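Take a look at the structures listed below.
The following pair of complexes shares a single chain, chain A, combined with chain B in the former and chain C in the latter.
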Partner chain A sequence: MSDRYVPVQWNPNKWLYDAVLIACVAAYILIYLNLGNPAADVTRPADGAIVRMRAFGTCAFFMLTAILCIGPLARLDRRFLPLLYNRRHFGVITAVVAVTHSTYVLNWYFAFSPTPRLEALLGANTSYGQLLGFPFEAFGVFALIVLAILAATSHDFWLNFLTPPVWKRLHLMIYPAYAAVVAHVVLGYLQDTKNPAFALVFGAAALSVAGLHLAAHLKDGAARRAKGAWIPVARPQDISDSRARIVKMPDGRRAAVFRDGARIGAVSNACAHQNGPLGEGRVIDGCITCPWHGFQYRLEDGCSPPPFTEKVPTYDLRLQDGVIEIAAEANAPGTPVTPLDVPEASDV
Partner chain B sequence: MSDPVSDPVREREAPFFIGWATIPEGLRWFLGGIAIGLVVLLAGLSYLTAATQDDPGDGAFMGRADAVGLLQAAPYPILHVTQSDSFAPGTALMLTGNGKRGAQPQADAFDGQLVAVSGARISRGDIIALQLRGGENGISAAPEQTGASLPQPRDLGRWRITGEICDGKCYSGAMRPGRGLAHKACANLCLIGGIPPVFVATDKIDGTEFFMLADQDGGPVTEHVLNHVATLVEIEGSVERHGAMAVFRIDPATLRLAQ
Partner chain C sequence: MESAQTLLMAGQVYVWIGLAVAVVFLGWGLDRIDAKGHGSWMFRPLLVPGVILIWPLVLWRWQVLARENDNLQNRHRPPLTTQRLMGLGLVLAIPVLIAGALLLRQDGPLERPAVMLETAAETSSNE
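Right, the complex of A and B next:
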């Protein structure tokens, strides 16, 4: 949370996160160039530029795979949620690695020619009508442009400027970008190489991304969409203290019904910052705290405590025959709603 | 009532991470394990991926070389060596320009003449290319030698051959690897720049597996083969020997993917 923009709001956890990422990239590249490549069974080693473009290209692929696994892993097991915290830095570093790969490609395969490099990149191979020999570079260019756009708009300034829903939709472009990377590798290096080792690792990585997303989707799908003007949620004592019960509303959105001791309040499940799942957060010092980046909202009005200005929609609640019911219609963001007072719930 | 999305008992026990706060005790070992595991996993993947790269062959630049010989400009510049410290007489050199440029602009004026050439030798197996130095440093008229004339083409008949179309320079060793689908755009760029296309056959014919490609009239064929570079194809045409150089005069209409 911030009431002003700074380039990066550093804290010890971010330093640690980035240090691990840089250690990963350094280990990958150094081992590829200095241990793996010399161990390859070759008559003469491949050109240095080609080895480096392979090192950075495969590194970017594995990093992107890891990034896309974080989301579903966090939904399947909350212990992975801290990996989401600084995922934007993960994305930016991946984009830098991918740009390095493309720089080696441009300055090797598409250099030394009277044709300008970018023109050569797009015009040297135009066999778009065939699968074998398809210009797989086009998929790489698309993925690189997407990664660059996502890295450039990863800052909170763009999040606020574009609004979280638009920003989130824009950043969902990472999925077409990943699909393009898969096509780039399948139609290029994978059709070329004779050794099956990389194909097996590549396939396992891509299937991991698909499998984890499917598993997370199936888990999410367990919640049914409710009907009616008032929707029963749970008995107060069935909601853990400082935690929430997530409800799928008739309009498809989700609400989070929190209990803070004897007080029970409800807000939208989508954090105003990055649409993070507020209902998977916790009430800390009277404020609902998002599990993704720690953004906080008051239980009684969905507003961030001053000087912060973020707001989320609230919901009316009522107690009917000992069961909490939530209104189907959300209130405008920041609308005060007196929390239900249920003293017996806090005795549990 | 609504379906619970998560288990309340586990929720109560689970440590809660907040980015700007200290990492909860219960998560430290887990996150430390993830961090170490990720570094180790990527290190392992790196080694595996790098150590299983394919052999790019033995082609390479082999240093400076000079030669005197008879220049044949079509379909692409070839030097039939008559005298050299680097090559045996009778060797056929595929001439190229610098980078992804053909030698045609330098060679055309000397077609059929005795010339002195100088440049960087590139070779892979039986195929030898010479990357000419610029201008007159690369190619110049040599004193006339009595009786020197271009070798007469020897017809080896009509063939249907399976193999891969490559750019002659990268395949010879200017790049390693210098063939294959990942290299296709680079090969096309070389061919567009005037580098001779060569056909690398799966089986030898008349003792060779390398053929310089030409059209049916013996002229350049580059524009007809660009879509088929780097894939395994079958082509029909007639094979000729021009001294030590095998030339495959193809019928582009017969080009198709090999079964």
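Right, the complex of A and C next:
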């Protein structure tokens, strides 16, 4: 959290995350450069520039695969949440690796083109009407543009300026971009390679993205929208201390009902920073803490403690026949609501 | 080639407009719509590529914030349904693309790779 913008918000965890990531990228590139050439088809040995191009291209693919696996993994198992913490830096490094791949492509295949290199790339193959020999480069160009947009809009300013939902919609372009990368590989390198190892590893990686998204979808699908002006949530003692129960509201939004000892309060489930799932976080020092990036909000008014200025909507609560009920309509962000006081809940 | 030329020309025009928007927005507009940016300049160069790439979106948000038309409740409505649908789209697209490409291939990806039976030196010594 910060009350003013800085170029990059570093902390020891982010240093460690980025250091491990960059070390993994460097190790992958070095291993590929040493093993990639001997693994190439002996009838058509690859030039050094082509091996470097493939090293960065496959590295970008596996990095993008990892990025897309982190989200559903964190939903399926909380132990993966730390990977999600600095995913934006992961995305920026992936974009840099992908740009390096494209630079090798342009500077090798179009090095001596009489027309400008980009023009030659876009105009060399225009067989868009056929599948066999389809200009797979177009998929790569599309994915590269998307990665560039996502990397360029990764600063916290963009979240605040565009609003988290608009920013999220923009960043959902990662899905078509990944599909484009898969198409780029299967219509390009996979049509030509004689190396079965790459086909198997590539297929396993891409299908793991599909499988994890399906599993996360099935897990989330259990929640149904509630109906009525007041929605029953749970008995106070059924909510673990410092934890929340997430409720799907009639308007499609989600609310998080937290218990902090004997106090029970409810706020929007969407964090003001990146719309992270507040209800999957904990109450720490009296503040609801987002599991994604640690943004904090007071239970009684949904406001971040000073000097921070973030706010989330709050909800009215009532106790009816020993069951907590939540109002269907959200209050404006930062509206004070006296938490329910349920001393017997803290005795459990 | 003409289509490629037109496309690149359009891209250049888009980038030049984006650059002009970036200069005005980051030098003048940002301070008027975002209190967190006051007196903070070091982060602004990092925003230039973003403004260039999505300047139509920047202009839209700029005018919404300048007119104070922003609905604060909308900040807390994440596009969960869109995200789920796009995730499902990917679940369908990946196996279709992989299976389609393997069917399209003129020989399978698992055939034995070619093997060099003798080195170039052995070939020349035999001649």
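Worth a mention:
In the analysis below, the second predicted complex is superposed on the first by the 339 of 348 C-alpha atoms of A that agree within 3 Å, B and C clash if a C-alpha of one lies under 4 Å from a C-alpha of the other, contacts with A are read in each partner's own complex, and residues count from 1 in each chain.
Simple rule for what comes next: contacts are C-beta pairs under 8 Å (C-beta built on N, C-alpha and C of every residue); 3 or more make two chains touch, one makes a residue touch a chain.
These numbers were taken from a predicted model, which means no experiment stands behind them.
On the superposed chain A, the positions of chain B and chain C stay apart, so the two partners fit side by side. In the superposed model, A:Leu162 makes contact with chain C only, not with chain B. In the superposition on chain A, A:Thr338 makes contact with neither chain B nor chain C. After the superposition on chain A, the angle chain B-chain A-chain C between C-alpha centres rounds to 40°, nearest 10. One of chain B and chain C touches more residues of chain A, and that partner is B.
In the superposition on chain A, A:Asn107 contacts neither chain B nor chain C. In the superposition on chain A, contact is made by A:Ala206 with chain C only, not with chain B. Touch criterion met: A:Glu280 reaches chain B, while chain C stays clear of it. When the two complexes are overlaid on their common chain A, residue A:Thr289 makes contact with chain B while staying clear of chain C. The gap separating chain B from chain C at its narrowest, counted between C-alpha atoms of the superposed chains, is 7 angstrom.
Touched by chain B in one complex and by chain C in the other are residues 41-43, 115, 120, 126, 132, 187, 191, 193-195, 220 of chain A. Of all residues in chain A, only 11, 13-14, 20, 23-24, 27-29, 31-33, 35-37, 39-47, 50-51, 54-55, 58-59, 62, 66, 78-83, 85-86, 108-115, 120-121, 124-127, 130, 132-133, 135-137, 187-189, 191-195, 197-198, 201, 220, 222-224, 226, 231-234, 238-241, 243, 245-248, 279-282, 284, 289, 291, 293-294, 323 touch chain B in the complex they form. Partner chain A is touched in their complex by these residues of chain B: 1-6, 8-9, 11-12, 14-21, 23, 27, 30-31, 34-35, 38-39, 42-43, 45-60, 98-101, 175-177, 180-186, 188-190, 192-193, 226-231, 257. Residues 1, 3-5, 7-8, 33-40, 42-43, 46-47, 49-50, 52-54, 57-58, 61, 65, 70, 72-84, 86-91, 93-95, 97-98, 100-102, 104-106, 109-111, 113-116 of chain C are the ones touching chain A in the complex.
Interface residues of chain A, counted against chain C in their complex, comprise 2-8, 41-43, 68, 72, 115-116, 118-120, 122-123, 126, 131-132, 148-149, 152-153, 155, 157-158, 160-166, 168-170, 172, 175-176, 178-179, 182-183, 186-187, 190-191, 193-196, 199, 203, 206-207, 209-210, 213-214, 216-217, 220, 252-254, 268, 270, 272, 275, 309, 311-313, 330, 332-333.
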